[in-house]
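Structure, as structure tokens:
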Amino acid sequence: MTKTYTPAEPIWCAGCGDFGVQGALERSLIDLNIAKHDVMILAGIGCSGTLQNNVGTYGYHALHGRVLPAATGVAFANPDLTVIAVGGDGDGFAIGAGHFVHSVKRNPNLVYIVMNNSVYGLTKGQDSPTMDSSAAEGLDSTRLALSIPGASFIARGFSRWSAQLHELTVAALEHTRAGRGFAFLEVLSPCVTYNDTYASWESMLDNLDEDPDYDPTDLSMAFSRGVALDAEGRMPAGVIYRNDGAVGKEAPPSMAGQDLNPAQHLDAYRGIMNSYAV
Amino acid sequence: MTKTYTPAEPIWCAGCGDFGVQGALERSLIDLNIAKHDVMILAGIGCSGTLQNNVGTYGYHALHGRVLPAATGVAFANPDLTVIAVGGDGDGFAIGAGHFVHSVKRNPNLVYIVMNNSVYGLTKGQDSPTMDSSAAEGLDSTRLALSIPGASFIARGFSRWSAQLHELTVAALEHTRAGRGFAFLEVLSPCVTYNDTYASWESMLDNLDEDPDYDPTDLSMAFSRGVALDAEGRMPAGVIYRNDGAVGKEAPPSMAGQDLNPAQHLDAYRGIMNSYAV
Amino acid sequence: MNVTTKPNAGDAAATPKRQLSDISVMVAGQGGDGSLTIASLLSAQFASRGLHLYSTSNIASRIKGGHAAAFLRASVVPTGCMGDHIDLLVAFDDEAVEMAAPNMAPDGIVVFDASKGAPPEGILADTIQVFAVPFGRLAVRDLGRDLLKNCLGFGIVSRILGIVDDAAESSLRQRFKRLPAAVVETNVEAFRIGLSHADEIGLGEGTSPWTVDEAEREEHLMIAGNEALSFGFLAAGGRFYAGYPITPASEILGWLQRHLPKYGGMAIQAEDELSAINMATGAALTGTRSMAASSGPGFVLMQEGVSQLGSAEIPLVVVDCQRAGPSTGMPTKVEQSDIGTMINGGHGDYPKVVLSPANQGDSFVIGAFATNLAQRIQGPVIIAMDRAMSQDSTTVKPFDLEGITVDNAKRLTREEVLKLEEYKRYKITDDGVSPWAVPGTPGGQNLVTGNERNEWGLVSAEPKNRNKMIDKRARKIETVRDDLPKGCRWGDAKAPIGLLGFGSAGPIIERAAIRLAEAGTDVQVLRPRTIWPVLDETIDFIRQCERVYVIEYNEAGQLAHTVSGAGAPKEKMVSLRKYDGTPFRAVDIANTVLEKEAAE
Amino acid sequence: MNVTTKPNAGDAAATPKRQLSDISVMVAGQGGDGSLTIASLLSAQFASRGLHLYSTSNIASRIKGGHAAAFLRASVVPTGCMGDHIDLLVAFDDEAVEMAAPNMAPDGIVVFDASKGAPPEGILADTIQVFAVPFGRLAVRDLGRDLLKNCLGFGIVSRILGIVDDAAESSLRQRFKRLPAAVVETNVEAFRIGLSHADEIGLGEGTSPWTVDEAEREEHLMIAGNEALSFGFLAAGGRFYAGYPITPASEILGWLQRHLPKYGGMAIQAEDELSAINMATGAALTGTRSMAASSGPGFVLMQEGVSQLGSAEIPLVVVDCQRAGPSTGMPTKVEQSDIGTMINGGHGDYPKVVLSPANQGDSFVIGAFATNLAQRIQGPVIIAMDRAMSQDSTTVKPFDLEGITVDNAKRLTREEVLKLEEYKRYKITDDGVSPWAVPGTPGGQNLVTGNERNEWGLVSAEPKNRNKMIDKRARKIETVRDDLPKGCRWGDAKAPIGLLGFGSAGPIIERAAIRLAEAGTDVQVLRPRTIWPVLDETIDFIRQCERVYVIEYNEAGQLAHTVSGAGAPKEKMVSLRKYDGTPFRAVDIANTVLEKEAAE
């Protein structure tokens, strides 16, 4: 077998939530028996944006905030790949907010995992958009996603709840691999160095997966539950919303594997040319 | 009185919805007795982005998609102005989507009027993000705004319903002028040239202002009503959501009018300098 | 009688018939007056005479109902640009006359729609013949529809140009062939009414003041630069495109949205330019040949992405359809003021190539070449278009479709990867290009990043590694330098005076050179097609000449600055710049050169 | 005994005492080893001796626990940069020794934490004295806390440098004065344990191998460029700042967030760089003096905004704290590879000025100057910083606060507006600058736009108007040209060899020139502070010299390219470039020049 790069050791601080995310992802890829060469992990820029170096799949380090457009390009061009975009909350919801909205709407076949720590870890601890500060209440990315037509899978995990996180990661991968579209998984992944929220977040979480009355296919319920929890200073975890997404829609063709020999298209090209003849 | 520029004649196609928006705005400024020199209208780029030329106030033609950051800068730097941002749906929800999310969250004191025609008028008729197309369902900007903590005023008007549009414009201006923050008014403003939707939209609208059971201060109700109407192929109009916003929060200081004479701060500056002394 | 003529128009038949081998026509009026219809009818006529064509239009920045002008040049020899003067003006209103007046040929003809009164006084030279006919009024009176004034006007115009009535009528039938038969007949009737009014003012069949030459050009295409470029991209295997609407680049998005799906490709309208270039980058990462395009404002938004392509070594074609800046500027006007940003717009040092087609047809060649070149250098290839190059149409030789190749360069097949002992994405090689395994290839797993990294793709800021990597990337340009498109030369390589310019200014510069040569001035022309790196041919051209006029559409002299930055002697260059949004005229360039040379 | 020394260390007291007037120290280990603490304790010591200081650090790109190094230079004469060699290394691990080895002075000293074993063999020259002391082990053994090894180490180091024990202890107490008393005492105890170990290895008080000179510099500040620049902006009336975190610009956001609110101003962390520059632009429109800053990736995202400032005539200071590119590159490394994009990054032609401070202290002057200049040209003023200029600290003379002015330029008061007959925002004036009424002023209503427009601000693409407007804007630069900051000159203006470079390379180049002069080579130096427009002083400098070494931190020779594009003779320039992310050394520059000159 051809020797490829040796996956890097994570460069995260000891205790960083991102370890849990990587662990869940690695286990899920094994569980689902996906070959590493069929996976492409794209990452944003941030502490979180180094995960792709550690797994051994194809990896791409996108520009800050642009991991979703890049991943969309990959997913459209080569639907045979399992495409996983990862990144931070600054990457996804500050500089990348517009792309997030449009990716949910466009519903491409890819998994998007955001490691939310409410800070900019890599640039040393500035508030991110999910931070509740005196200036403004933080964004709830799952609620934002709910408001966008096209949303097909929205979940939240917690990096310390590894069993559920593993389940959610598998579910996200399955959603996408079944052609349903964009699987969005926000993981609460504390930054022990700049914003250690393990305890506070754990105490705030309400696990919807354990609530038999909760119906993750009911959009309005998903929204109002979030609002109600918020009013109590709490927040939902688990699968918040899901539907069949793009099932039934025609999948885009694979471009990456095409035979591009121009000879095969000469007649068609001539047709185009003739339409300009004078 | 100093002679200033003569407001331009609108360059819109006859029948364009934007005429109605301009009319409502002009009437509202008169009703509220706001002097033209105290108003700054900032516009995006698009057909809609020419409104600022026609009113006689201070005007600024921002970059495509950047009208909200620019207006936020104006509102923060000079809170004595009445700041009105206007633009198209492409400007606001495609290239400007990230800024829209963050402006709702930041809740600056300004009115934002989007002339939604579901197309890019100026560039000749491409689909905008609010267009329902075979590829994807269109965004509902009012629902998007609802999902963002910080939202304080969300309304939808229709450019043909001029009485209500006038009321909504006045309400938006009052919201902002009372220091409550960001007043978002989406106006359905058909493009007769590329997407004439007067009739279809009129038939889809459900006027919440006329529904005594509707409570625009109930966030969950606002969301679920939108979802329910959508399921029937309809959509809400009127004041969709409102709260007290930034009332009680300390207003930022006015920077624009400051006396900058450095002499007055010399001692303080010396203090800063001394903190670096070795 | 509703027909009036200016006194000096005289009896058309009396003046000697003029034979034209090169005619420029302008048709103008309010949007909706149908200027484009008359222009396209004339275009068909001229084409059927075997003439070479060039067409452009000038749409005011009003949204609808603004003033619109269509321009058409037909000539026995190919020119690739508009003429210096307007020979024939078809004016639907006073504004049209005002606009055209400064450019009218002294022996030109004006056909004026006099429905609202006589043509404006005192702005046209007395030597110009004016035929004032109330097209609109006649169309309403005789047929009840103002819109039919185009066809009516076409009748008059065809008589002026000595077009046989039958030939004119059949162009008209051809043009409307998709409309219901009754509509076609009404249009033909309007045309015939035009003819009978022509008779009344002395423009009988066979008594026309002008005739236009016939020629024997071979079969040609009539195509705009944006169309040809898109086609070139497709033909060279381009399959993914992402863009965001913007004048004058939107036609590329439109063209590829229509055509790519038929070839298993996709053109996507992104939410903004940042998304567009990053989507295209993502697609490119899979090995799919990709492209993104915009104009100045969106092109600079793409620059972080371009730096990323350069750093991470990802092949992409990026097009800048320049328009008049700065900022929103004058979006429908010609300018070449993004040269600086095409070369320097990204941050940091990275290899890049900037190409510029010599004319609309060459856009096909450059589009295809760039698509392959991006694969060869695994980096950004920028195509510099400009408003006129992008949107104007001209007749060009049919494209050499058989000649198009798909160069896979250092792309590895599955089999090749499996045979390797180890696979390093950023392997240091002599030519600077590393063999490339795309995602999905077993054993080819790799890390692509815009950070500095070692050969394996793992982040590294180690100084020695850094030097090797920067040098490796720089070598890629040397590897392809000799293959980069050479410029178009005209004239004797020993001529002391040189003219240098590119893009849509190029054909005009060549016309100016012809004029200068005719006036006895010994000139040569270089129209570079590779703008960056600056090729030796450009530096040598300037060195060899005594003086070189660097002719460009911008205020700062960006081309002059670029070539002198690359080592061409500045003291030999004279900068001729135009930045008012309107095109150069060959006559003005020639005169300026003559004046300056006389002053030397 | 836990203390070992390398054989060649010998008896410290026996070798003759060395007197240093210029010492460079490196303290390095794993993040958390406290390198920065020892460096700052030394810094205070050197400062109290009246020495000039320069300090920098090198933090690996790991997030935490990565290798970190602090560097400090202390000298009798001001240098503004690190020395060529490291005289003293305090190494907490092998990696530190490996990193430092190539740069160690042959007669240098290494203090090594031998807790995990002896220092690595064979990488240090034999002439270097090594003191290996297990700081960490001793700290754990005697005080139970590894962290205390800094203070312990500081004891040893202070003995090496001949610092009086009391003086060292009082710096230590000063440094920890905000901590609880008990903690302070533990630290002092650690320090004293260090002293007693020093005694054991022959480093008794008064028997130190080195002593460091004292000097009598006046009161100085120790400040980094980003801090000084922010301060200059504030002092010149800057009140609104918008930014987005990015290395190495984030300190500007932090500084202004701390200080601006006290002056009724505001520094806002925007959602991205596009928002940042457009918010700052909005604030600027109200007349508020505003600024935005970023580094390469974010700076290019701001370029559409910069074009808008140029087109719409809005005053703004825009800062680029350059780092090693392209793309994400090496974010913590020095480079000057955004020169091209600072000058050409926007689209279209518009007036702009690019300034660069000569050193960290000059950043205050340039920050204040730029803030006023933006008001004078009503357009973008760009400040070129670089990683070292931004983040390194050095001692500088106190700032001339009284000398700071707030220039309102052509800003109109309410009264002035009311006295006008008519007010046109874009009035064509001789100096190119139009009087400016800000929103809220009765009678001053106007339209500001990035479209081409007439004097009233109404959109116009009329060619004559366009020419006037472009020319008006271009004139603004001529209006201020003579006032733009002149460069720093060193040496005799008749010297045949010139050295040209800017930013943080400047002080190093000056040190190289001093070396060259000492070696008998006749050199002069120009360190431009205005990068664009290229001032005559720069062109003249190159013309006057026989040969000019253009010394810069990038691969493409961007500065050389810029000045030759502006007309400086390329054939006189020799390009010296470094792009491995590490700083130049004066000795290397001097040697290269000597070699090249010998070869001439």
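Labels A, B, C and D are assigned to the chains in the order they are written; within every chain, residues are numbered from 1.
Here, a residue touches a chain if its C-beta (ideal position, glycine included) is under 8 Å from a C-beta of that chain, and two chains touch if they have at least 3 such contacts.
Source: prediction; values computed, not measured.
Novice: What is the chain whose Cα centroid lies farthest from the Cα centroid of chain B?
Specialist: Using the mean of the C-alpha atoms as each chain's centre, the farthest one from chain B is D.
Novice: Pick the pair with more C-beta contacts: B-C or B-D?
Specialist: Between the two chain pairs, B-D has more contacting C-beta pairs.
Novice: Round to the nearest whole Å and give the separation of the Cα centres of chain B and chain D.
Specialist: Chain centres of chain B and chain D, defined by C-alpha means, are spaced 42 Å apart.
Novice: Calculate how many whole Å lie between the centre of chain C and the centre of chain D, each centre taken as the average of the chain's C-alpha atoms.
Specialist: 46
Novice: If you average the CA atoms of chain A and of chain B, how far apart do the two points sit, in angstrom?
Specialist: Once rounded, the distance between the two centres reads 31 Å.
Novice: Hunt down the residues of chain B that sit against at least two other chains at once, touch-wise.
Specialist: Touching at least two other chains: 61, 63, 65, 94-95, 97-99, 101-102, 129.
Novice: Among the residues of chain D, pick out those that touch two or more other chains and give their numbers.
Specialist: 61, 271-272, 274, 297, 304, 308, 312, 327-328, 449-451, 459
Novice: For chain D, which residues count as touching chain C in their complex?
Specialist: 60-61, 274, 296-297, 299-301, 303-304, 307-308, 310-312, 322, 324-330, 332-333, 335, 337-338, 340-341, 343-350, 449-452, 459, 461, 463-464, 466-467, 470-471, 474, 554-556, 558, 561-562, 564-567, 570, 579-582
Novice: Can you list the chain B residues touching chain D in their complex?
Specialist: Result: residues 1-6, 8, 35-38, 40, 42, 50, 52-53, 56-63, 65-66, 68-78, 80-81, 98-99, 101-102, 252-258, 260-262, 265-266, 268-270, 272-273, 276-278 of chain B touch chain D.
Novice: So in the complex, which bits of chain B are touching chain C?
Specialist: Checking each residue of chain B against chain C gives 11-14, 16, 45, 47, 61, 63-65, 90, 94-95, 97, 120-124, 126-127, 129, 193.
Novice: Under the touch definition given earlier, write down the residues of chain D that touch chain A in their complex.
Specialist: 61-66, 244-247, 250, 253, 269, 271-273, 297, 327-328
Novice: Quick check: in the complex, which residue numbers of chain C touch chain A?
Specialist: 43-44, 47, 53, 219-223, 227, 231, 234-237, 239-240, 242, 259, 262-266, 268, 270-272, 274-276, 278-290, 304-305, 308, 312, 395, 398-399, 401-402, 404-406, 417-418, 420-425, 438-451, 456-459
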